[in-house]
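Two complexes follow with chain A in common, the first pairing it with chain B and the second with chain C.
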Partner chain A sequence: MRSRAMPKPSWNLDYMMWVFTRLSGLSLILLIVIGISAGLLMGARSQMDLGTLMRWTFFPNSNHVLDSEIPDLYLWANGFWQIMQILVVFFAATHGFNGLRVVIEDYSLSGFWQIFLRFLILLLWIFSIMVGIYVILGS
Partner chain B sequence: MALSRKVSLSAGAKYKGGGPMLAWVLHRISGLGIIIFVTLHVIASFFTQQFGSDLGISINIIYESIYFQLFIVFCAIFHGVNGFRIIVLDIWPRLIRYQKESTWLEWFVILPLYGLTVFIMIQRFLEG
Partner chain C sequence: MQVTLKIFRYNPEDNRKKHFDTFTVEAEPTDRILDLLERIKGTEDGTLGFRRACAHGVCGSDAIRINGVNRLACKVLVQDLKSRKVTIEPILGLPIEKDLIVDMEPFFDHYRSVMPYFVNDDPPPSKERLQSPEERERFDDTTKCILCAACSTSCPSFWVNDKYVGPAAIVNAHRFIFDSRDQAAAERLEILNEQFGVFRCHTIFNCTDACPRDIQVTQAIGEVKKAIIDRNLE
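The block that comes next holds the complex of A and B.
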């Protein structure tokens, strides 16, 4: 088995997604650092536990940490964090579902099944981004 | 993009790719682990919230268990650190010469980070 060749730089799906995977990876690290720092501030007065910190870090939505009795939680439900959540959802879903596509297509798929599975992944991608944004804007 | 695989599973398992191969396998498993978990979590929450269905609650029980959490935390830490390593090597291709060393180096970051997290998680789990 040869290793997968790096896609040739041009306007094709594989190269665009290769670049996007790297950029979104870096963006996710940045978003996580911002989220974790804010989570530490948020939990400083109430000895927030690790699970809550992680839930806030990976999806900085005030409803995601409701069970933890954080004082003045409403202060954390604002437009800034809504934008951060949308960025997390967009980068993670796009990066992750494209990764899923890459793994599937490594196993010798072509023709009908490739198109079918690409379509299925596209649907899942659209669905999860829509559900994500619906939850974010509704909370 | 489809590759033709002319290698049997047993031959593949004996291939001695060392650290970088282990990193590749774990990167794949951890990436899939995260995307499957996130998708399940979104679907479960959506069904619980919209239709009050029990399906969501039974999925929740799976990933609230400590074993699942130990697994998914490893996935997240490994995938993030190893992904960063991949990106650095891609930006500065000359560093590929040190690819083996880079996979050792990343374990110096991953093991303490994961070890500390596991310690806290198990401590809290035992406290109940």
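The block that comes next holds the complex of A and C.
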């Protein structure tokens, strides 16, 4: 693939979010694998039921294992798992709200409504991430 | 055997709304849908409007919706259909001019926007611009496009957004982007990297199913996406 006067590559929103969607999907799978593997290593196999383990796997918050037979929450409630939760919230919320943006832009006319809906989604995205982080740090 | 065709009708010059007319015709299992349309036009209703030219799957004039899927009328046989009741409609996403005839101009506007022609500013060699069989193979699949619009008009993103270039335009860009003799790949990739370019494709695969030439349309679109990413990472 040769080229004559080479235009500079452009980094527009649709391109970046398309790449982000792939990376965030893979990242969420990786976070889930880490959550379930670490949970099993920390004693989930004998100290909690499957439903509790699944809640932990998809969102590794220590409140999810309070009702189990885990004797000590030391391993389950620390800064590492808070970072993991924040990453889950960030990737899931951004992935999801970007999906909503794509659907809206596919189906809404250009002009005012597209700008308005984009702005609304931006606000909802920021709000949901802030609420998520507030809950994670406060729990 | 008898086949019943329910055909979409619209004539901008009369006052009737868009509707369906039903015709029952005698048919052989090896008759094509195009044969039945011509039989109706010749013997039952001469006002029926549809496009056809070569009638052998090469010109791409007679793309229509047959029982809800895009096909060439000249390539579908009666025996290929599960039912003896057939619904015939114009392809979606383009303005209807009359009955099964749509305005193809928006489709060709998108096609023209991706520079679907060979670009090489070097002086022509004395004989020819050489290319290895492997280099030719790289874009072989997308050379088969006949611009029937079956792919673009099967794409939900194309139906709802008339700015989206559509699968056919991307396929025809692919044909030149991956041609080792061409020099305008970067320009085409930039065109397709815009808001209504290649990233409007949501990998639904309708286009691949609809293509009468069996072009792997979704794969070609994926290769163009990858080429844009590779170029941005260089």
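Going forward, the second predicted complex is superposed on the first by the 121 of 139 C-alpha atoms of A that agree within 3 Å, B and C clash if a C-alpha of one lies under 4 Å from a C-alpha of the other, contacts with A are read in each partner's own complex, and residues count from 1 in each chain.
The definition used in the following text is that a contact is a pair of C-beta atoms (placed from the backbone, for glycine too) under 8 Å apart; a residue touches a chain by one contact, two chains touch by 3 or more.
Everything numeric in this text was worked out from a predicted model, so none of it was measured.
Have a look at where A:S110 lands relative to chain B and chain C in the superposition and call it first, second, both or neither.
It touches chain B and chain C both.
Touch test for A:Q47: chain B only (first), chain C only (second), both, or neither?
Neither: A:Q47 stays clear of chain B and chain C.
Counting residues of chain A touched by each partner, does chain B or chain C come out ahead?
B
For A:I32, select first, second, both or neither according to whether it touches chain B, chain C, the two together, or no partner.
In the superposition, A:I32 contacts chain B only.
For A:S10 in the superposed arrangement: first (chain B), second (chain C), both or neither?
The second partner, chain C, only.
After the superposition on A, what does A:G96 contact: first (chain B), second (chain C), both or neither?
Once the two structures are laid over each other on A, A:G96 reaches chain B alone.
Does any part of chain A touch chain B in one structure and chain C in the other, and if so which residues?
Comparing the two interfaces on chain A, one with chain B and one with chain C, the shared residues are 1-2, 4, 14, 106-107, 110.
Can you check the complex and tell me which residues of chain B touch chain A?
Of all residues in chain B, those touching chain A are 1-7, 12, 28, 31-32, 34-35, 38-39, 42-43, 45-46, 49, 69, 73, 76, 80, 83-84, 86-87, 90, 117, 120-121, 124.
So in the complex, which bits of chain A are touching chain B?
1-2, 4, 14, 22, 25-26, 28-29, 32, 49-51, 54, 58, 92-93, 96-97, 99-100, 103, 105-110, 114, 124, 128, 131-132, 135
Under the definition above, what is the set of chain C residues touching chain A in their complex?
119, 121, 156-157, 160-161, 163, 177-178, 180, 182-187, 190, 193-195, 197, 199-200, 202, 225, 227-229, 231-232, 234
Given the complex with chain C, which residues does chain A contribute to the contact?
Those in contact with chain C are residues 1-4, 6-7, 9-15, 18-19, 102, 106-107, 110.
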